[in-house]
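Here the structure comes first, spelled out in structure tokens, and everything after it is commentary.
Going in written order, the chains are labelled A, B and C, and every chain counts its residues from 1.
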Amino acid sequence: MFESLPYHALNGVYYGFILFMIAAGLTIVFGVLGVLNLAHGELYAFGAFVAFSIVGYLTGLVAEPTGPVTALIFGAVVLVGSLAAAAVLLPVGATLEAAFVRPIYDRDDVYQLLLTYALLLILTDVMKFVWGAKPLDVGVYDGLNAIPTTELFGIDYPTYNVVVVAVGLVVFGWLVWFFDRTKTGRIVRATAIDREMATAIGVSTDRIFTLVFAMGAFFAGFGGAMVSIGPGSAYLEMGLSPLVLSFVVIVIGGLGSLRGALVGALLVGVTTQVVTPYYSELELAVPFVLMVVVLLVRPEGLYGTWGEIE
Amino acid sequence: MLEARNLRKTFGELRATDDVSLQFGTTDGEMVFIVGPNGAGKTTLVNLLTGLLTPDQGSVVVHQDDGDGSTVEREITGLAPEKRVDAGLVRSFQIVHVFEEMTVRENLRVAVLSERGETLNVLSFDDGHDGVERTVDDLLAQFRLEDVADEVADTLPHGDRKLLDVAMSFGLEPTYLLLDEPTAGVATREKEYVIETIAEASDADDVTTVTIEHDMDIVKSYADRLVVLHEGRVFREGDPSLLETDGELRRVLLGVDE
Amino acid sequence: MSRARLSAENLPTSVRVVLVVLGLGVLLAVPDLARVTPLSFATIHKGLLFGLAAVGLNLLLRHTELVSFGHVAFFGTGAYGAAVLATYYEVSSGLVLLAGAVLAATAVALVVGYLVAGHLDIYFALLTLAFNQVLFAFVVQSSFFNSTDGLSVRVGVDRPSLLGLDQLLVSAGLDPVQAYNYVLYYLTVAILVVVVLVTWKLVNSPFGRALDAIGQDRTRARFIGIPVERYVWIAFTISGIYGGIAGGLFALLQLHVRPEPVLFAFVSGEILFMAILGGVGTLVGPIVGGVILVYLLDLARFYVTYYHALTGIVLLAVVYFLPEGILGSLPALGAAIERRRRDPGLVRNDVETVVTSVRRSVRRAVTTVRILVFGVN
């Protein structure tokens, strides 16, 4: 019964990295701006739709893969297309932050929630306007899997999943590097810790907030693009469940913590994928049960520091 | 009488409170002042006494009148803060903690309602208790807050906010009142006024006050007894005149001993 | 969190009495209004029920300042409580079904409330959301609750009986469906009035003041002797009971209960937004917000293709221009209109203000994109 366990676990890792890309954006936006962005799932969906258009256009320019080399070229084109799709989210995110979110930082949390919910609704219809209400599949999944990586693992495993895991690792590595090693990253962290102090030493918090929001949108969009080029398709409601799951992930990991988001995402991904084949009735409940347990035992999350007494 | 017995609390490597044994309220309405350099463990001690922190070792005990003249010991070490209020132990914070969106009167009212055990009452109106309203009026007068009674707390000047904070504590009819720097952040010319008002109220109601204070002039004029903490331990205990006579104590307080 | 003090309470008593009478009048006249106008009776009814749940949520939001993101859990529990009684125990009395709904919601609220009472802010919000989703997942996967198809609230093909009042109307010559809906509607209005009165009493009692204290400064509340967690637990349970009543009535209205509309976490968000939309600082604002939001989400789709965007824009307008919510902003709005009636020149200023703020938003956005794309301003 359990011989397929490693396979499910691998699926969990893949799924976990998708979750991580979405949750990472959510957690840095929350950590720095203090805003829980309900429209984050729509940015993810937006990325999926843009990827449909861009990747579809680009792969139209190259031939379908026939051998390992053409397959590699094909894969590279798909990846470049996905990156370009995510890049489209940068100005989108920046615009949303500058035009809508910026005027309400001083307001009650509930108004920030209401605002991002309004953005969620509007974004849904923007996508409906541009791409229509039907699910769209760019259809590059088989082409990607023509790249032979199966031998690498000794078990039959789609190349696409390997690509997603690799991309997820790169994203994590880049984020850690950005926040730990670059000057801008350190300024962002300083701003997150003490907004007034950052302003006092001459940091433009407006710029930082815009940058962070745009980054969040970028990674959400990248996650969406990764799903879009896979077996799934882009559809209007696709943002809802990843948004809710991202809450779970960042709460388990500790709000505002990147490492926490990764561990949380993998935990949620692997547990869900491992439990589901055996106890399918638990599929929907597993992440939330996990979250409840973590919160009740360790309210600040696995890597969080929140909750200290003054 | 409120008693700390061998209290010990460490944060990682730091011994914030190290084997502290003290008694407060050995005489009625005693005003004890706790002084010491920064990091001496003053606030930690108050937190241990009032239940915001639990000690690693030691106990907190109150000696209560059992009605027929004799006293009984009651250990309150593990008791939640709100339960300690019932035992007569009340505190204020270094940073003013009042209900910011309520008026001064409403702030006092909710404290007095709590003291009377009325906060689960849903059948009356909050301002419909005559006894409570009278007590609130008395507190307003006692702490000279009548003029601002209907002002919202977060619009008050700092001195008044401090007084409101302390007035709420008195509204709880404490036996022991622990004040963490009641004059912190108060303009110099208002300090005297704040502490004088506290002293009067404490005197009138026979409340034992334990006050953390940095202003030695205030300590000298108001203290019945002085407790000096240093590196988590009781360094000196006794008459406030020690401040004039004890050279080593002066060095510790000025922070020039290292 | 700091919130401006109640603006509605500044209204003179006479105005408030007029408003209350007017509101009640409109409520009672809804079935007749719906007959002569294109308004949808059923949608308004549904809106009132969600509004009722929002009143409960607002008890937590306004007083203890806790944001619940899982309130539809109690609405759903109530609805399913009624449905289970009807489907498995063949209970046909509407009142018993309602009692079952309240009982079920109370039980769940007691458990959830106990577990979340010690948490704050975003953690409270996300914990309530998690419990909500666990419940949803449980119901969706359970054959007892008939998964996504849900349960019927009828016994056989019969609608539940409503104290025999519906039969009375039928014998007076009314269509049975219409009779049932009318009686249920007036039952809803009656319950709504009672709940609003109870809430009014509650929030103006010493207990209500203690909840305010907890919301404004938890530490201080604890140190004036208020057992914070226990009181939050009680308030949470009361607010869950409101949800249960609303859910039970919803089951009676829909006669069939499915998990998506009554248990999915996003509906919890909608209940939260109803309260904010109508006015957190007011007693009946959440009901107004409930009717408006349900109307927008349910019916606008028949008139506008992009009804989501329409709803979004309405909510944006509330965020930017009616910071106290629709009802909460009424006094300020009334005063503003009065001023403009006397001095029509002010309207031009308003237009200018709106234009400038939109222009400023656009300019910010354009600058940002320019910096992003070209690297310089």
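Criterion: a contact is a pair of C-beta atoms (placed from the backbone, for glycine too) under 8 Å apart; a residue touches a chain by one contact, two chains touch by 3 or more.
Keep in mind that what you see is a predicted model, and the values were worked out from it rather than measured.
K.L.:
In terms of CA centres, which chain lies closest to the overall middle?
P.N.:
So the chain sitting closest to the middle is C.
K.L.:
Relative to chain C, which chain has the most distant C-alpha mean position?
P.N.:
Farthest from chain C by mean C-alpha position: B.
K.L.:
List the centre-to-centre spacing of chain A and chain C in whole Å, with centres computed as mean CA coordinates.
P.N.:
So the centroids are 32 Å from each other.
K.L.:
Taking each chain's centre as the mean of its CA atoms, how far is chain B from chain C in angstrom?
P.N.:
About 43 Å, centre to centre.
K.L.:
Starting from the mean Cα coordinates of chain A and chain B, work out the distance between those two points in Å.
P.N.:
A distance of 50 Å separates the two centres.
K.L.:
Hey, what residues on chain C touch two or more of the other chains?
P.N.:
Those would be 2-3, 219.
K.L.:
What residues in chain A touch two or more of the other chains?
P.N.:
310
K.L.:
Using the touch definition from the top, list the residues of chain C that touch chain B in their complex.
P.N.:
Those in contact with chain B are residues 2-3, 5, 201-202, 204-210, 212-213, 216-217, 219-228, 231.
K.L.:
Which residues of chain A touch chain C in their complex?
P.N.:
30, 36, 38, 90-91, 94-95, 97-100, 102-104, 107-111, 113-115, 117-122, 124-126, 128-129, 207, 210, 214, 240, 244, 247-248, 251, 255, 280-285, 288-289, 291-292, 295-296, 299, 306-307, 310
K.L.:
For chain C, which residues count as touching chain A in their complex?
P.N.:
Answer in residue numbers: 1-3, 61, 67, 115, 119, 121-123, 125-127, 129-131, 133-134, 136-138, 140-142, 219, 265-266, 269, 272-273, 276-277, 280, 305-309, 311-313, 315-316, 318-320, 323, 361-362, 364-365, 367-369, 371-373.
K.L.:
Along chain B, where are the residues that touch chain C in the complex?
P.N.:
50, 80-82, 85-86, 90-91, 93, 97-102, 106, 109-111, 113-115, 118-126, 129, 152, 154, 168, 171-172
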